[in-house]
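These are the structures, in structure tokens.
In what comes next, chain A is part of two complexes: it sits with chain B in the first one and with chain C in the second one.
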Partner chain A sequence: MSANNEIDYGTPASSSANQVTLEIDGHKVTVNAGSSVMRAAAEAGISIPKLCATDSLDPFGSCRMCLVQIEGARGYPASCTTPVAEGMKVCTQNDKLASIRRGIAELYISDHPLDCLTCAANGDCELQDTVGQVGLREVRYGFEGENHLDSEKDTSNPYFSFDPAKCIVCSRCVRACEEVQGTFALTIDGRGFDSKVSPGQNQPFMESECVSCGACVQACPTATLMEKAVIDNGVPEHSTITTCAYCGVGCSFKAEMKGEQLVRMVPDKNGQANHGHSCVKGRFAFGYATHKDRITTPMVREKISDPWREVSWEEAIGFAANKLKGIQAKYGKDSIGGITSSRCTNEETYLVQKLIRAGFGNNNVDTCARVCHSPTGYGLKSTFGESSGTQTFDSVMQSDVIMVIGANPTDGHPVFGSMMKRRLRQGAKLIVVDPRSIDLVSNSPHVKADYHLKLRPGTNVAVVTALAHVIVTEGLADEKFALERCDVESFGKWKTFVALPEHSPEAVAELTGVPAETMRAAARLYATGGNGAIYYGLGVTEHSQGSTTVIGIANLAMATGNIGRDGVGVNPLRGQNNVQGSCDMGSFPHEFVGYRHVSDSQTRMQFESAWGVTLSSEPGLRIPNMFGAAIDGSFKGLYVQGEDIAQSDPDITHVHHALRELECLVVQDIFLNETAKFAHVFLPGSSFLEKNGTFTNAERRISPVRKVMTPLGGKEDWEVTQDLSNALGYPMNYSHPSEIMDEIAALTPQFAGVSYEKIDEMGSIQWPCNDETPDGTPIMHADHFVRGKGRFMLTEYVATEERTSSKYPLILTTGRILSQYNVGAQTRRTENVAWHEEDRLELHPHDAEVLGISDGDWCGVKSRSGETVLRALITDRMQPGVVYTTFHFPHSGANVITTDNSDWATNCPEYKVTAVHVAKVAQPSAWQQEYQDFSDNQLSLLENRIAVNE
Partner chain B sequence: MDTHNLIKMANNIGAFFKSEPDRELAIKGVEQHIRNFWEPRMRKAIVEYVQQGGTELMDIVSEAVLHIAK
Partner chain C sequence: MQDYQTQKPTVLEILNTHQAMPGNLLPILHGIQDTLGYIPPAAVVDIAKALNLSQAEVHGVISFYHYFRETPPGEHTIRICRAESCQAMNGKVLETHAKQQLGIDFHETTADGIFSLEPVYCLGNCACSPSITIDDEVMGRVTTEKFDRLLATYKGAK
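Take a look at the complex of A and B:
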């Protein structure tokens, strides 16, 4: 169903540069060549009745409701499938057409329940509208004949129901599942009167391949596929466009409301990142925002063994400020710091780092990108000159060869994954570099990887350098591009380096586990197959050589000339909604906003002048360094906004030890997350629905976040930071986040042209946006690299210190799943648990047999860092010797096992390689039992908190 | 700061720059990286380690740290 008050043009827009002029109902109409007659009419404001047509899908021509007459043409062609032609004369309304349409409507209605007044789609039903439009007044056939009215309703999906009695078999849902989502979970089963929509093999939705993206619900013109929230609450009455708070795709949504109640999230077809598509998280999993676990009153306590005490905002802010000031007085100004969140807005993130640099007086600020994409920042800044991806998402539709390295787009970035699959179905080639057989390899309909480089975890650099070896030694490099656009000396040095025999595929085949001929074929395809685009994720960055692999990827793109135009580029797929933004906003301890080093005196003076304080020129502590300093006693206070380091960070017993050493931990969050269980001050956060601001997605797109309901705790997050700053004696006086963005724009060259007015006008903006590029920059490095000449860097493979041994014979790697999101604080509090209610240990059948483990058995997973217990999931997705788990549930303890190894350049943890021993066990690990006790105690202290008025 | 961990971090940096054929450039690379990204108390600890005769650092890393100490 379309969102309220939205024009549906019936068929997609044509991208043709040519135009044709025709006449519709006597009006001259000029449209793009290739448009349908239906679309041309709609663009001219002429509405042709339709049922099977919608502008998100290719025309189908099955319902025959949109018939028109065309001068000189025989019969009554369907306007949805008839392209416009120069001079064409179209009639959309006359007695004959009206009679035909009424006849069609009559047939539909003869097999449709006449319960409009009590139907969930009443007032938002295209069938109802169309029948009204054609003026149907009677059904001559009666309603007693054979019909589908007793068909059984499928309510298996937690978010939407399927009522076949209301289905008109228009196939919109089936086509949406194919064309938009690319899952092909639905089909039309049977023929003629027996035709019916069937999920999978006539299964309930939850048992089929359906991924619950909502595309079918969106496409349905009746109440057949309907959100349960609308069935329960009625049709929304107003809507606001905002941006999803889940992954780095940054989908635009209409938050459809009744008063302050969010009824449903409908993907915005004008959304420039998602074009009207969504996934199960963004579309449906918003219930956490009003979950009973939300904490809406500030709380304080002296010790973490004390019960919480509810207090006023003033008292909580004052308590935190006094503690932090006291620590600085006792231990020095560098003894405190803070962590910004990639889930918060740009404005909130900017404000936290400003508070730390200007208010705390040090640079001890870091962000959760430390543990995911910090190597991207380092690697791309060092080679290209800018810490960001180079393309738009749409660029993939111009790619001829797509290389996916260490990413799982169909699960981690599903809306972009659907777009990628669409391009692959059109014929683009695919190279997957991943230890696992992700769905793109061979488990997506009509998509198959041309090459799967199923490497051993930890050998990315060897593989990427071997690909470069093939490109250089076989003469496949784009020398002209490299010599014109890149630093010639570095190019020469790099060519010599990668051409060394020890970097050949044959030399590293045994080490990497990838056959040499597969590496050679993949390199040839990438270098010579047309537009080559690389997409990568945390399987690249979360290694001891994460930055080196990013550099190696940049080298490949420069060497083959795959930079600076549509269809090519280097594209980091960011995990959380605002990873790019939080990095842009100066969250790293060595950089001001816009990636300028704190030692750069000119930049520092600019900030000192604007902020009215003297700023430190020394880099501050990174998150892992903060933990180390806490344990050695030189770091005592921490302000954490919207981040759950006690679950997400590696070697968690070390992290918990550090948190226990703090004298004041201030946590600002919407839930009492795992970190808050170690906190002394809890400041209620606001969900993305409760505040204004902006998020920046993986394609550098700054999109609006708009407040649709009052903050449950009474304050937007930026207001809390501002209050804390004022209490600490550094004045802030913003009245709206737009003023914060204005300050960011004034201080940041890449953002100089950004304002809320411009975002409202354009919908979103891709930075850089300044005088040179007032409408933003979709494609980076088009004429020259940001750093001037692209810089090649050498990428020597260095084996991780984390080795398998007879004691720890398997390699554990980690990842995420479609239905859950990172630490799960949000998605665990939604119906998404129906798809994934626990983290499992995936292992290959061969390993399982050797270890005597059956599917569902409890497995002890022990590393050099710790031990946890997970249930087994046996799957040939894994290669023998490699096991895998997710980290969405705190008590799974995935990060008890991960080590303190980290990327050499950025300290990004090596989540992806941990040597482990796996054995069948009967009970949770000692850590799990201890943590369960600790957690239960903390929840008890929360439950028994002293109320604000006591 | 945990000196053992700092040694490990510094040697990891050294392992990246070691492939640079020009040794002076490699040393400069390590030095600049530590200056750019290490907080002063971390730099101080690694400098003290070298000055006290610590031997677990790669050669180019030790030399880089000595440059930092100057």
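Take a look at the complex of A and C:
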């Protein structure tokens, strides 16, 4: 339930185009055919008492509270399960109905604790409301009979408690877990009077299959399933709609507050990306925002071996500006640069790149998207003409065949994963291309991959081209679409190329490890199974041929006509909340806002006149080049906003070396993250709760981020960048992020129609939004490709240089899990560690046996770059020869092992393929011991910081 | 209780036999209980995995049907009918007597592990009420004396 009184229509809306008119309590009501009588009444403003019905779930008809009378019908049908009919006459309230409802309420209340005044749901309880509505005045049965009031409370979940004494067994939680989340972790144990909600096999929540998404808590009409934060703090008194700061799904939430204290985050029913659903991160893991580790006073130091000195904002900004100016005076204009963050808002990102281009006077700006989705930008721009996914999330509900390549939506993008699972349960077919058996393959109830192409890491291009080979040589291509909509010459060349015998599934079966027949069957299904949609993630991009695979995917979609309408398309699942936005905002060294090259003089002139400076036409340094230049001695100063390159970037020893070479590293963050341990200036950042702005999710949806509390450090992030710019001598004078958005809109064709007023009015907007598409664009390339004609490109497979050998016989690949988020700076500071307290090395039982490793053993993992030690997790999710780990904890050192190989087009690192040697060991690696010493030392320098003297 | 690892091959074999059958959950649960005498809670993980269900769903079905049990039964299971006809023919007396003789309540097993006692609602043998079953055999017109004789026989058989 949520605190502010939204209307609950009781049953989901009907999507029927036909209308039906009926009479309810004498009022003529016209609604969509297929609506329930309950919903029709609610739409007419008539509230029928209910307990087991809620508009996020299909009707169930178990509580019998919503009975009505219908003229000509026998008895008292439940209004939630009775569909409307033309001319129907419904009576929702008379003496007989009132008496039946009171009788039902009386039975419920005879087995319910009468502690309303001290109950956590007091004032926010549907049972209370309903019983009040029916006017129950006495319970004739007394309270002495058999009851459930002594049932034991389950407090195992860190975020919510389960109190069966308060349960009315309406099954809303069970149904929410099934219909909304798709985990099926709850059931009703027993029957009749013994019926009881049971997680798993009557286990505590934490030991069951529950993934803590919060859908059950949301659905519960009583205090049975209740956020512990509400039990501790009471019901919130006001709320603000904002956008989650975790993954690229960009869920809309109501931040429910008491004063400036955030009590709970409740998914917004009207959220256009999440439709009222959430995951364990967005719903519950916000405690980091006020964690004691937050640093709220600016700090500076001359050398990284010095203790930190707390200073005023003015001094910190002045210190940073002087250092950066000094470096430029000594080493030249190009000796400094900056990194924008995919976690910050569009406005902040825009401002940082503006500071660098206009204030620093060079194009040395890059973003963490470099290390995740830069190949998406390159690949989709080259083929379709726009660096973004083609669909809206809802489009998946129209898909017939879903192909998931190198993505793990149920962990990485859980709310969208739930939507996809819903579609799969409705019967859509599923093809999974992944070296691991992710949950979608066979570990999600009622969902199973029709084909799992369990390939060897690093062979994506060979598989994708083999799929194309089948489509072309078996005559399955949509020639009409390709000839009309795409560049004919490139289509012809591509067909000849993919048809070559060396691209056949049979020719690449051994190389890829995928049986030829499976590739053939998958290709046939995708090409002929109706609406085919491809969803992909970092398993595609983070390879030496990341861009080539993205191009290969685009080719498949164009060749089969799966572009430009609902249910199809090419959909990159973006890792962080604002990856799309940070790319859109001109964070790359070669591009201005809106993906326009810096060498394009017309664009450059536009920016020069708007910004009042001369701009460089030379692309600046990419992140890996910055590290290289730092080690060479030509790059000396770096401004990093909200990114932790010292943990997240590959070949971390190389990164640490580069950072140590810098004369001035300015870090703006909410915590002293790994990168800040190498910094000279620390500028306190603000969390997503402390500022205004916008995030753009994976479906190009620009959603509002709203300030619900005062920044702990005193400034919103954009204000800090503005201050730094002013101190550097490039004036900026914004009084609100909306002015920054106005500037973006004025300079960017895709954003021309975007404004805060419009976002407030529409809730969110999917770009492009301009004069042609004033309400935004859910589906791209509908009538023609952005670049005019779609362009097919050849995808020659070139094996990565990272190969297994007798010395490094296994391949390591990396990924992330549901409860933790990327470098973990946020989630490690929440109760989410209850689900994942350390990174483990997953390996196949066969490899474990050969290596003599048992579950839980310490394993030394050694690559050509470095060595680390992780505990083993033996699982048949893996294939023999491939090991896997996550990278949520800095001391795990996953990136000590990863190499400096990268994508040929964009330098996106090859995180997904590293040849390694694994052996049982007794102690942490030398790197881990060294890291521990360094980190302990830095934390003591923080601990012993010299306090500010006011 | 037996170690599940020793029972697992049996469970997997039953799952395997029923894999292609539509609506196979109930036949599988019956198969396991018929073979092992009960459904070991640890088997639920394998059943759920094989049928692409959640453990909660399988547990929901097992706990819904009183016939299914999750603990090992005694050597012989006695089921006493508590439906209308049997009650009208002194079934209640039989019920009390049986509990007394065995020293256990419904859903329990005697300390020597020979008998489990369960209620049942109609065996379709109403003309010969009161009825009971011992294992798979139905017996009618069970007086308290007849019950004692049956107990002695089954005990003696051991």
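Just so we're on the same page, the second predicted complex is superposed on the first by the 947 of 950 C-alpha atoms of A that agree within 3 Å, B and C clash if a C-alpha of one lies under 4 Å from a C-alpha of the other, contacts with A are read in each partner's own complex, and residues count from 1 in each chain.
Please note the rule applied: contacts are C-beta pairs under 8 Å (C-beta built on N, C-alpha and C of every residue); 3 or more make two chains touch, one makes a residue touch a chain.
Everything quoted here is computed from the prediction, not taken from an experiment.
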Identify the partner contact of A:G620: answer first if only chain B is touched, second if only chain C is, both if each is, neither if none is.
first
Which partner, chain B or chain C, touches the larger number of chain A residues?
B
May I ask you to decide whether A:T376 touches chain B, chain C, both, or neither, giving the answer as first, second, both or neither?
neither
Please work out whether A:T367 is in contact with chain B alone, chain C alone, both, or neither, and reply first, second, both or neither.
neither
Going by the contact rule set out at the top, does A:S239 touch chain B (first), chain C (second), both, or neither?
neither
Under the stated touch criterion, which partner chain does A:E796 make contact with: chain B (first), chain C (second), both, or neither?
first
Considering only touches as defined above, state whether A:T187 meets chain B (first), chain C (second), both or neither.
second
Going by the contact rule set out at the top, does A:T814 touch chain B (first), chain C (second), both, or neither?
neither
Chain C partner, complex, touching residues on chain A are 183-191, 198-202, 208-209, 442, 445-448
Which residues of chain A touch chain B in the complex?
334, 363-364, 493, 497, 544-545, 547-548, 589-590, 597, 599, 618-622, 625, 628-629, 631-632, 634, 794-796, 798, 801, 900, 902, 904-907
Chain A-facing residues of chain C, complex
41, 44, 48-49, 52-57, 59-60, 63-64
Listed in rising order, chain B residues that touch chain A in their complex are 1-2, 5, 8-9, 12-13, 15-16, 18-21, 33, 35-42
